[in-house]
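Have a look at this one.
Chain IDs A, B, C, D, E and F follow the sequence of writing; residue 1 opens each chain.
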Amino acid sequence: MPETLVALYIFVLSCFIGYWVIWGVTPSLHTPLIALTNAISGIVIVGALLVTGLEGVGTTAEIIGFFAVLLASINVFGGFLVTNRMLAMFNKKKR
Amino acid sequence: MPETLVALYIFVLSCFIGYWVIWGVTPSLHTPLIALTNAISGIVIVGALLVTGLEGVGTTAEIIGFFAVLLASINVFGGFLVTNRMLAMFNKKKR
Amino acid sequence: MMEISANVQAIAYLVSAILFILALKGLTHPASARRGNYLAMAGMAIAIVATLMGSEVRSYGFILAGVVVGGVIGTVIAMRIQMTAMPQLVAALHSFVGMAAVLVAIGTFLNKQADGLLNGVLMGELSAGIIIGAITFSGSVIAFGKLQGIISGRPVQFKGQHLLNALLAIATIGFAVHFALTESTVSLAIMTLLAFILGFTLIIPIGGADMPVIVSMLNSYSGWAAAATGFTLQNNLLIIVGALVGFSGAILSLIMCRAMNRSIFNVVFGGFGTAAVEGDGVADAAQKGVKSAAIEDAIYWMEDANKVIIIPGYGMAVAQAQHSMKELMEQLEARGVEVKFAIHPVAGRMPGHMNVLLAEADIPYENVVEMDEINPEFATADVVLVVGANDVVNPAAKDDPTSPIYGMPVLDAGKAHHVFVIKRSMRPGYSGIENRLYYQDNTSLIFGDAKDVSEGMVNQLKGAAH
Amino acid sequence: MMEISANVQAIAYLVSAILFILALKGLTHPASARRGNYLAMAGMAIAIVATLMGSEVRSYGFILAGVVVGGVIGTVIAMRIQMTAMPQLVAALHSFVGMAAVLVAIGTFLNKQADGLLNGVLMGELSAGIIIGAITFSGSVIAFGKLQGIISGRPVQFKGQHLLNALLAIATIGFAVHFALTESTVSLAIMTLLAFILGFTLIIPIGGADMPVIVSMLNSYSGWAAAATGFTLQNNLLIIVGALVGFSGAILSLIMCRAMNRSIFNVVFGGFGTAAVEGDGVADAAQKGVKSAAIEDAIYWMEDANKVIIIPGYGMAVAQAQHSMKELMEQLEARGVEVKFAIHPVAGRMPGHMNVLLAEADIPYENVVEMDEINPEFATADVVLVVGANDVVNPAAKDDPTSPIYGMPVLDAGKAHHVFVIKRSMRPGYSGIENRLYYQDNTSLIFGDAKDVSEGMVNQLKGAAH
Amino acid sequence: MRIGVVKESVAGEKRVAMTPEVAKKLTGKGFSLLLEQGAGEAAHYHDDQYRAVGVELVDRKAALDADIVMMVRKADLDDVAAMHAGAIYIAHLELCEAEEIIPAMLAKGIRPIAMEKIPRISRAQSMDALSSQSNIAGYRCVIEAAAQYKRFIPMMMTSAGSSKPARVVILGVGVAGLQAIATARRLGGDVYAYDIRPETKEQIESLGAKAIELDIGESGSGEGGYAKELSDEAKALQQQLLANELAKAHIIITTALIPCRPAPVLIQEDVVKRMREGSVIIDLAAANGGNCPLTEKHKVVEKHGVILIGYTNYPSMMASDASAFYANNLFNLLGIMVDEGEQGPVLKDLDEDEITKAALITTTD
Amino acid sequence: MRIGVVKESVAGEKRVAMTPEVAKKLTGKGFSLLLEQGAGEAAHYHDDQYRAVGVELVDRKAALDADIVMMVRKADLDDVAAMHAGAIYIAHLELCEAEEIIPAMLAKGIRPIAMEKIPRISRAQSMDALSSQSNIAGYRCVIEAAAQYKRFIPMMMTSAGSSKPARVVILGVGVAGLQAIATARRLGGDVYAYDIRPETKEQIESLGAKAIELDIGESGSGEGGYAKELSDEAKALQQQLLANELAKAHIIITTALIPCRPAPVLIQEDVVKRMREGSVIIDLAAANGGNCPLTEKHKVVEKHGVILIGYTNYPSMMASDASAFYANNLFNLLGIMVDEGEQGPVLKDLDEDEITKAALITTTD
């Protein structure tokens, strides 16, 4: 199968998983869940790495890539940490 | 990506979907659901077709393929019909 | 036949896979179940047509023959079979899928061998297909036999059974490895044989009561077999659908076990302390030939009923289930069901026992009806729910002159379409005599404390509203 | 750096994807939430390392710089930010993802252009990435502004807003098509600009109250942007994770809308009859600056509490919610929570009104406590649940000499950690005066009929037990 | 076949053995009915209501001269004189008390059927007047307790102060005891109950009350659902163990009876002294000597600040419903006593059915 | 400051204005208490209980000579003579009835405080004796109805026949009416209620009973939660529309009152005739002429087969709790009447607080 079709397969299947994975979430976890998915969407960093790290890429692209990496990194680090802080509040009985 | 890896990706993703798709099924639908998944697993017919229809395949393989197609067909036709009959009983109020 | 490109075929396969997923989802709710079945049919049709139109399929003779003969057989069986024989039929069909998977794998082996395309990974995949298919086949044959009554439904347990299975499994895998490494057809044959035997020894110890779960489990196996076939053929559709069926079948088995309060482990590896897990009542009942039911079954019939009559007895009082009764009434009434409480004059342990409790729960007096008034109504009731009552619904009072309660007027519960009885065990009531109502065809017992069970019902009904 | 083969990288990516899926699943329940977050971190680490070790990445300078600077900034912000500013922060982070996606797409364009690898499909995918990324960026910036209070939280609606958005969208797509067909960088630039504007015009009309949903929606957009990037780069991990985030974000928005009883359509396309859908109470409350809560929020705090005090009032009587109160008590007690009913001497409309009803529901006398006895206990209660009571918990009686109820002793509900009040609206009680308790920081109102709400609570608790 | 019903002879008895409703059913079956004028008045059943359903209103003599004479309680000797030989007489005969009526009847060839001898089998439940009247007594005695108690029974938290729920203890959980539990719970009392038969624990809890459990070393279950008398040691132990529970009570209702034996003493004077002023003791066993030695038959007395009620005829206080239930019992009993003949009902052999056989008195032992 | 409490003068009144519990709280605040010997006896509060908490037991004269004299109901002229000028006298004064006591007191310089004049504001709820006693009346009258009714109130399906639940109708849904609804529902009655103030519908339903709604063309809501008198047409219409509902009832409890006006007639003789034999009517308005013209003040009578109860003092039947509540009301009232001084409590200016101002009687208008 050509790569694009493979991508399509994978995309469609992932959509189904995305559809089901969070049904039944406890409402009090809505905000942490948003924070986490936000952090996860920092996965564009992979794209940024690929763009930036490519051999022989022009400076423009490199600078663009640098900013992409920078922004995505903020998101990744900030996102996970924030989620963690939110979840830390969830130790109810052990106050 | 090599085909086998693609297959692995697709397999893993499908497993997740299989995991989620039927949670929450009404108990009265357990039996029809089994009947339907049974019918669906008749998808091996695709394999049987591929084995049987291949150009220049030996007679042994062809005969084996014939039986595979035969059995899978029984399953496909029988399965869907039986499911249909079971579901037909679900018109409760309209007795 | 018009040929389609591989890309078009791939897209068609994807569409087919999506249809299957939606089909399974559809089957989880009665409202969408039929549509689900049609979606699956469409998916299957697309898959078959796309395959036939693909470039790989060149000769159609055997295929046509197989499809026509198989289709006719399948159709005829499915139309003729009695509703009560459904479980057997499904088991039989499973065995076909298993066998088909074995045949496809062997066919593939032959084809690839002829083309000199064999390699270790492929042969591993092939072996997996054959082993799973074979287990599915022989296991399903046993399940069929047990369900059909050809083989005794009693759990057949023998010492060392688990050891035997383990040895068989190891040996099978051993030959599979040998085959993958050496291409030895002998190993292939032995492996196949051993897998058939393994299917047999795995299922034979399992009791008839667990067969529904086993059928679902075998269903899951057949899915895995299809997925393995997909790997060998590098056919993504087979992989997706196989994994789908495999995993959802496993989950369904798990769900069914939970509903029956059984451990999936015990069911699948039959005979691990079978009796210990079962409730007192259930075991007893099964032995006596009484039908036991789950809360869901009662809900299934009650929620769409026109009229439900509830008969409370001393057990309701003991369990203090009156408040749940009120809720149950409200939930049913919200669905347009007419609910009445039928009060036998001596229900409970004091005159007016039921009245006191129902009034406490604020059940309107209009819904509470005396025996003489309600008895003619039972015949028109869709469901009678007997909550911890026993003697007051015992038909022996009317037709068994030797019974100590002979001559006492009783509630004609048995005349309703469906009778569900909530009680904790098969123990008798105050008068100490057996109740024939429980053995009636239209009666099912729901074992458990009246409060727990009725709360469960209310929960289900509330859940269903979402 | 050690290099890994494409296959190893693919497997690593798959593992990473699985970890992300499990992470999201984990976040659906408090018990597994923290583990979920760790799984996601692991997934991200694996993804980054596998990428860096892959054959495509050759130069590390800019990457290192970017990661270090970004990492430090992210960490510092995340550690410093106040809990109350979380929503803003998340919105801000979204904008970064959006912008990163735009940058990656443009970078890819430049790289591929340099290598002469551009084609229509690729450019289409690129455009999708840029458009979605840009919308995510500017939309998130607006959301941030609204949440931070830089931009007014009021819904900004103007005539022709939907028409404008539609025109913008069409124009954007038009330029995208032109770009894909012609490789025109001008079209690319215009398209990007238009997309930024579109993000702005889409979000600006939406009111502050809907921002949580919008943040979730933008989250979804950022996922789609990542998936589009995945298509351009033919990176399956990006596709999987992007689709995952995209779809789950959309579902979460839907779930949140349902919980708030809002139509997702109205939220996303802001300003379609915003006011009409909202319940009387909710709208009123939002306007007055009262916090409203969902049943689930109350359950969240109650189920793990050590002590819950329930204060019934006339509203409980009107709703006839006493039986649900009993059930709520039982459910909580089953979780080891101490439950008491605090009875104000004039609660209801007659002396002993609450006593009559609680006794009817069979709530043990031991759990029913008088005002004088319970007042010192409020400070140690984790949750106070006020069920249709108003005047009897009004602090004005103690500290507002102008109030008509001044001098009447009241229940010190406000001293508890969390106060949840069930009532139908912001209407006052018998004495007709406002209740300052509702505006307290630790108080949330659950709008609805007392019976419905408390039944909902019982349901949730029962559901959670499964 | 003529059925006669007369006004009750026992003083203060307001019930009547026949209601217009049952009379209608009986005339429908071919019986002819004779009723003493004004017999139902005290139970709010009026002569014209009877007349309307075909009952003949006659004087006492004429009514007593019927083939079957039905009463609620025993007749007096004058009545026996007015009955004719071979007649059947059905009533609650109070057999265990010293009695001159039975010998007189037997001597005259009258066949008495004792309602209290109806066996406690499922089939006979609809004829069991002991149960139907005990049930009424159980309800009614709680109403009486509430009327005599100068406080609230339910819990009541008001701005003028709170009343704790009255602690109600029921001793003896037969038919009357159970209904007393139910009624006291309805009124909001905090209800405890005790019986020597261990199977009652579940029954007490089935009404939402709390069971008092004492370990007295022996079970009191006797035959046919009745209790048996305890050994002396057990009696003493029981009194002692109960004392603390009872002293805390605000209302005590005792229903402990053992057929044809003096009622067991459950509440001693000491306990009464320890109770709160204004508490109420209702002794349903007053007629058989009382479960509390301080109670006085038929009377309300106050001793040590506690109000002791010794009424013996609660069903009569609910004469309308009590009469209706009793009349229904009789109707159901008649149902198994006669066959339908061509000229109306014909009496069966009363020895044939186990129920009538058990209830028919033939000797004076 | 000395507080005197005496035995009630009104015949049959069993309550007492002070309980040992409240006495203890008052002595704790520095009051000295004088109690007429035996004043609490009828309510089951004994002299030694009072003595134990520091109350001085004296003769009536001595008690009346205190600075504050507290009673439940009005004193007689002899009592006034025994009080001293400047003393405060607190009781339920029954002002609307023709009265010679008030002028006598005012003439002597005694300052009477009328409990029934306590305004109905939230702050005063704990002093509102009208409410606290009405509440008791509402409970107690249902107990009385149950005692007079010769049938079961609850539904009861037994093998000896069934009793339908008694249909109970409550007219007038004030404090007493609401408590009557609650109590009748507890006993298992099928309860309906009616009031002219439309806001009562929700209140009736909040107790699980059914509201009778009539369209009489005007609302009866008056000031301060009290009802106002209806126009003559509305009255007639009301009687007519109610008639059918009432004729079906087995127990009627009427509580309809309009302050200082004759009670409205709600049940006419015709309706009584149509009711089932043995039904019960309790007329809580009997003191003000009655909601049913057939009721006789203080008495139980039977007319047309219906039992009419005209008792006027239900709280006295629950003297223990009623006294406790009343005494609490007085205690709360005293709380706003005095300041804590160095030598014990000091009286405040009674015109300063709106509550005491409203309750203090200064003229005889």
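In the analysis below, contacts are C-beta pairs under 8 Å (C-beta built on N, C-alpha and C of every residue); 3 or more make two chains touch, one makes a residue touch a chain.
Note that the coordinates shown come from a computational prediction; the quantities given were computed from them, not determined experimentally.
Common neighbours of subunit A and subunit C, listed by label, are B, D. Note on interfaces B-C and D-F: more C-beta pairs are in contact across B-C.
Chain centres here are means of the Cα atoms, and by that rule the chain farthest away from subunit A is E. Here subunit A and subunit B face each other with the same set of residues for the most part; over half of the interface numbers are shared between them. Distances between chain centres, each the mean of the C-alpha atoms, put F farthest from subunit B.
Look at where the CA atoms of subunit C average out and do the same for subunit F: the two points lie 67 Å apart.
Here the spacing of subunit B and subunit F, counted between their Cα centres, is 80 Å.
Rounded to whole angstrom units, the spacing between the C-alpha centres of subunit C and subunit E is 56.
Chain geometry summary: the mean Cα position of subunit A and that of subunit B are 35 Å apart. The set of subunit F residues that touch two or more partner chains comprises 125-126, 131-132, 135, 154, 156, 158-160, 186, 188, 208.
Multi-chain contact residues of subunit B, defined as those touching 2 or more other chains: 1, 3, 6, 9-10, 13-14, 16-17, 21.
Looking at subunit D, one finds that residues 17, 21, 236, 240, 320, 345-346, 351-352, 356, 359-360, 362 touch two or more other chains. Pairwise chain contacts present here: A-B, A-C, A-D, B-C, B-D, C-D, C-E, C-F, D-E, D-F, E-F [touch as defined].
By the touch criterion given at the top, residues 6-7, 10-11, 14, 17-18, 21, 236, 240 of subunit C touch subunit A in their complex. Contacts from subunit F toward subunit D in the complex involve residues 121-123, 125-126, 131-132, 135, 138, 175, 178-179, 182, 185-186, 202-203, 205-208. For subunit A in complex with subunit B, the touching residues are 1, 3, 6, 9-10, 13-14, 16-17, 20-21. If you check the complex, the residues on subunit C that touch subunit D are 320, 323, 326-327, 360-362, 455, 459, 462-463. Listed in rising order, the residues of subunit A touching subunit C in the complex are 1-2, 5, 8-9, 12-13, 16.
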